[in-house]
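The structures considered in this document are given below.
In what follows, subunit A forms one complex with subunit B and a second complex with subunit C.
Right, the complex of A and B next:
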């Protein structure tokens, strides 16, 4: 991040002679410009985060909310310990490490699909002399354009066992092959047993995956399309003169030259997917048996349903730390391989 | 994006020996161009179908005349299609005593407030970060960007407690900040600020400094330079940031759902969430669909028409940031 921030500004040029003509030093002017934003962020972001650290060491609960309430009891690191040892009696099936593992798996599996499908479709759309290119581009941007809230609520209903469009659509297709509609009474959201016995993932994970693939690939296609268009045609000409096949051209020219654009996009996608609250909360609700719960949906539940403010604060701190580690790690890994290009 | 790629270009330059068309033909390994085109078209039509399916479904549902029932078959235009669901939503959007205009007004207020707040505060800060050297500049910028990564849900508990402690009392005007659109709006504005600052700074960095220097020489002070030179030049990035801020407020429901308890403060997003999931048992799906379209349509149309701007504005900010 530091490198990103430092880019493109020439500090030396900005260091003008101390004090401008009008008497007010330039640094003071700068602070005046920043002050309003800083005040709001101090009051509504940084102060709450500090307060959160305090809360995480207490048993802050509903009774402490009233303005004349006594201060919450200090409990030390009890909240932190209870969370990672799964001693959260108020929530059934609470499993911190299982949830974290699912959250990471959820993130990686989605981003891999997004990037792969995104690039493939961008390459398809980039085909020379393609008819209706503009029409397809306009259609493919629709998932980005529609608010996630709406997308999630609509897919939630589409996965309904009895009335959902997915089961009805499958039944209609199956009907062509003479299959009974009863075969397609699939309990997408609430079936507890995993569909493949040796893979510990419930059916609702696949429902979420389908939804999020639908939602996520067009963004990657847009990024990849932009990058594709800036690859010079001459590489392909040169390669085909040298006898490279279309497949060789794709792997040796297209993919390496897409890398610089796709890596920041993938990192962005990872952070978004890791925290994809709306989709999971609305489509599967974390179910069945909390198997598809991720960190942010649990953080919300702890506050909204259980009113365990102290515990939720500790949980939030964990979430921030994990996210920070994840970001730094991906940053390091992607930097380490950057010299590839 | 192109800037990044340009640095990674390969040092090959060969003279053109064949025409491009002939080279391409050879590279695709035979197969008539028409056959290839038809295959591509079939594939792309299939992809279009998967993209459009949920959208057509929700439109179809919203036209379904059987008010109470669930859909039992898939049809694009259900038999006896009517706009009854839209009329129902207009008349009584939720089970709470809140009217649709009130919901729309609240959503709009929240969107516009977040949009204006994050833009006005953000552009000033971005300008300072882009054009001034001052103590702790780097540290402040890192502090702001770091917040981009913190999901708002993770900090929900302290925000609830802190806002809940503030009660504003102005005679007849007496409210708890937590339980008000103002409180939610403040929280959302603060949440939207890091992105606004980062994105706007990235854009302002690309505007040549010479233009402001010329204005300074002509006797403008720095405030005038900012208002008369910088703001007009940054219009595209301002529009994008404003729109994304509006979207934040328009679609937000986590904090509103958690903080707001009076139906007269409810937003469209909250009403929509109340119509699905665990609370959906009594809501006809036609009504839910009509509501989904009402929430999505205005912002989708704006998004679609600004799309070129938005992608451009974001990539410039992101790459140059």
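Right, the complex of A and C next:
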């Protein structure tokens, strides 16, 4: 193979037209170049996906893992049907559609905050005459560079009812106004009743939201900062001459010109948030009563706690389809991949 | 550090006394020098905990007596030990042997991951209590070398509670009078109460019958206890801390924390069986810790010999003295009264079933406990819902 590759990088041969009869055709050389990558991709990416599709149509379990084990039983679309009809008795109160609704709400509610805060901070950091701009930008990158697992563990401790910094901080502030510390004995993670009676979301959702906002906005700020640098100052000068206010300039120049950068970032943020396993698993554990469980944490439970590989494979396929539809829909609505030039 | 050194020294002395200089055979019938080859062992004891100290001391002594053996010890987090073993063993890997409670024994046997040991252990478990041997059997076959009994009991702080409550009524009176108890809010630690109120989980066919009385009464009692000032914690670490720091007077927990509680409370620490109820004694889940031999073990004979050496009379004595665990051997004398209390609690416990049906207890009843304690469901409705879900999962 090495000899073939060495021969193929001969400049003279590369220059040959396609279909040359004197030597190897040019297209063949190209294929030889991508062959190693293709082989690796087939082995580590496409084969597992195909195997997962196969597993999803079987009752694959622990007993089928060994090389010498009997093949799993083919069950057709039973796994797929059981999932959407909530026939997963191994997980109490399993509710696929409720979980999907929460997963989507979780995703959108987070990304809206990320983008809004991200853009606002970027615009503020872009203001003329701001001192220590570089320092601020460096500090704001911090949440991105700390591993999510560490962030989740720290925030989980901060939300502790008795010893957590959040309740202690609130109690200290409340103390200034003469409030008893007992008022701030808030069970951020364990409380089952929703804090707002007419909003069916547990307190742990808000704890997760606060954590993920802290985690997610800096990325959007970086993207927005980059995009802001590319907006020509001439637009603002022209708008000023025409008498446009700062607010009008923001909504009519800044926001539209940020859009080409922000929409792909938002789509990326959506996919990451939709699959944000570490944070949910470590902070709320999906609780209380599975109210903050998302699709990927449930898939993990199906595999890790129940060893239902076949069912989990079907679950994974559903998750992939949902994300694909979500991405295509968003792309269509926002025209993210269209040219803006 | 000093405690650890003393513990190690105690084990070394005990082992050297029993082995008579490393030439006599051990209680499990393993002669010094008879353990050979590479052996990989897994455990899930907490780092620096008393159980890890006990095991390390025993292993060190065995290594010295068996220079031909290369024993590799790997610690695995407890919440991952079953999953890690099952996944690796199913793929043909994993350790030669590992120790854990018999929580997942049935599932592992049904997945063909463990070696049946009846022939290999013939005549070698004569000194083990029958409940210990039975606990490691699935469908009549033996799949482990028994070592310890484990069931929860009532820890109390003698400074605050001079006499522990013997009945649920006494406990209620104490809590109403200002004594405090913290309970782990889950299906395991609370499992013992329903038996005290006449509740039964499964009938002989494996059908859940918890909705036919007893369980709802037990949960009603828990609600009354909570209303009187009893604390419920979903975070076990936090519950432990509050007892160890003297913030609460009583806690229900297992022998695996005895050594650690002793460090903090010393002579103030007391242990008693869970209080009996109006219909009889409490029935906590009695588990058996054993050593299991991987079906894919590369050194089966070495692994069995090592497990027998660890679980011989000397080893089990060390576990009892250092970690406060309850030995399964009848020839081990437990001198610590606290460990004796755990032995009593284990004897009255409900032997942990190895059936596939019992595996479906945790999800539904875990949720039921949360819903009831948090006031989202009445005890009767919560238990009925959980029982129905368990039966549905078991197709009963």
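Simple rule for what comes next: the second predicted complex is superposed on the first by the 314 of 341 C-alpha atoms of A that agree within 3 Å, B and C clash if a C-alpha of one lies under 4 Å from a C-alpha of the other, contacts with A are read in each partner's own complex, and residues count from 1 in each chain.
Keep in mind that, in the parts below, a contact is a pair of C-beta atoms (placed from the backbone, for glycine too) under 8 Å apart; a residue touches a chain by one contact, two chains touch by 3 or more.
Here the structure is a predicted model, which is why all the values come from computation and not from measurement.
Contact with subunit B, but none with subunit C, is seen for A:245 once the two complexes are overlaid on the shared chain. When the shared chain is aligned, subunit C comes close enough to touch A:289, but subunit B does not.
By the touch criterion stated above, A:304 is placed in contact with subunit B and with subunit C alike. Between subunit B and subunit C, B contacts the larger number of subunit A residues.
In the superposition on chain A, A:192 makes contact with subunit C only, while subunit B stays out of contact range.
In the superposition on chain A, A:147 makes contact with subunit B only, not with subunit C.
Look at A:92: by the touch rule set out above, it reaches subunit C but stays clear of subunit B. When both complexes are overlaid on chain A, the residue A:71 reaches neither subunit B nor subunit C.
Once the two complexes are laid over each other on the shared chain, residue contacts for A:61 go to subunit C alone; subunit B is not touched. Contact with neither subunit B nor subunit C is seen for A:176 once the two complexes are overlaid on the shared chain.
Residues common to the contacts of subunit A with subunit B and with subunit C across the two structures: 65, 67, 160, 162-163, 304.
Against subunit A, in their complex, subunit C makes its touches with residues 83, 86-87, 90-92, 107, 110-113, 234-235, 238, 360, 363-364, 366-367, 370-371, 374-376, 386, 389, 392-394.
Interface residues of subunit A facing subunit C in the complex, by the touch rule stated above, are 61-63, 65-67, 69, 89-93, 160, 162-163, 189-193, 287-290, 304-305, 307.
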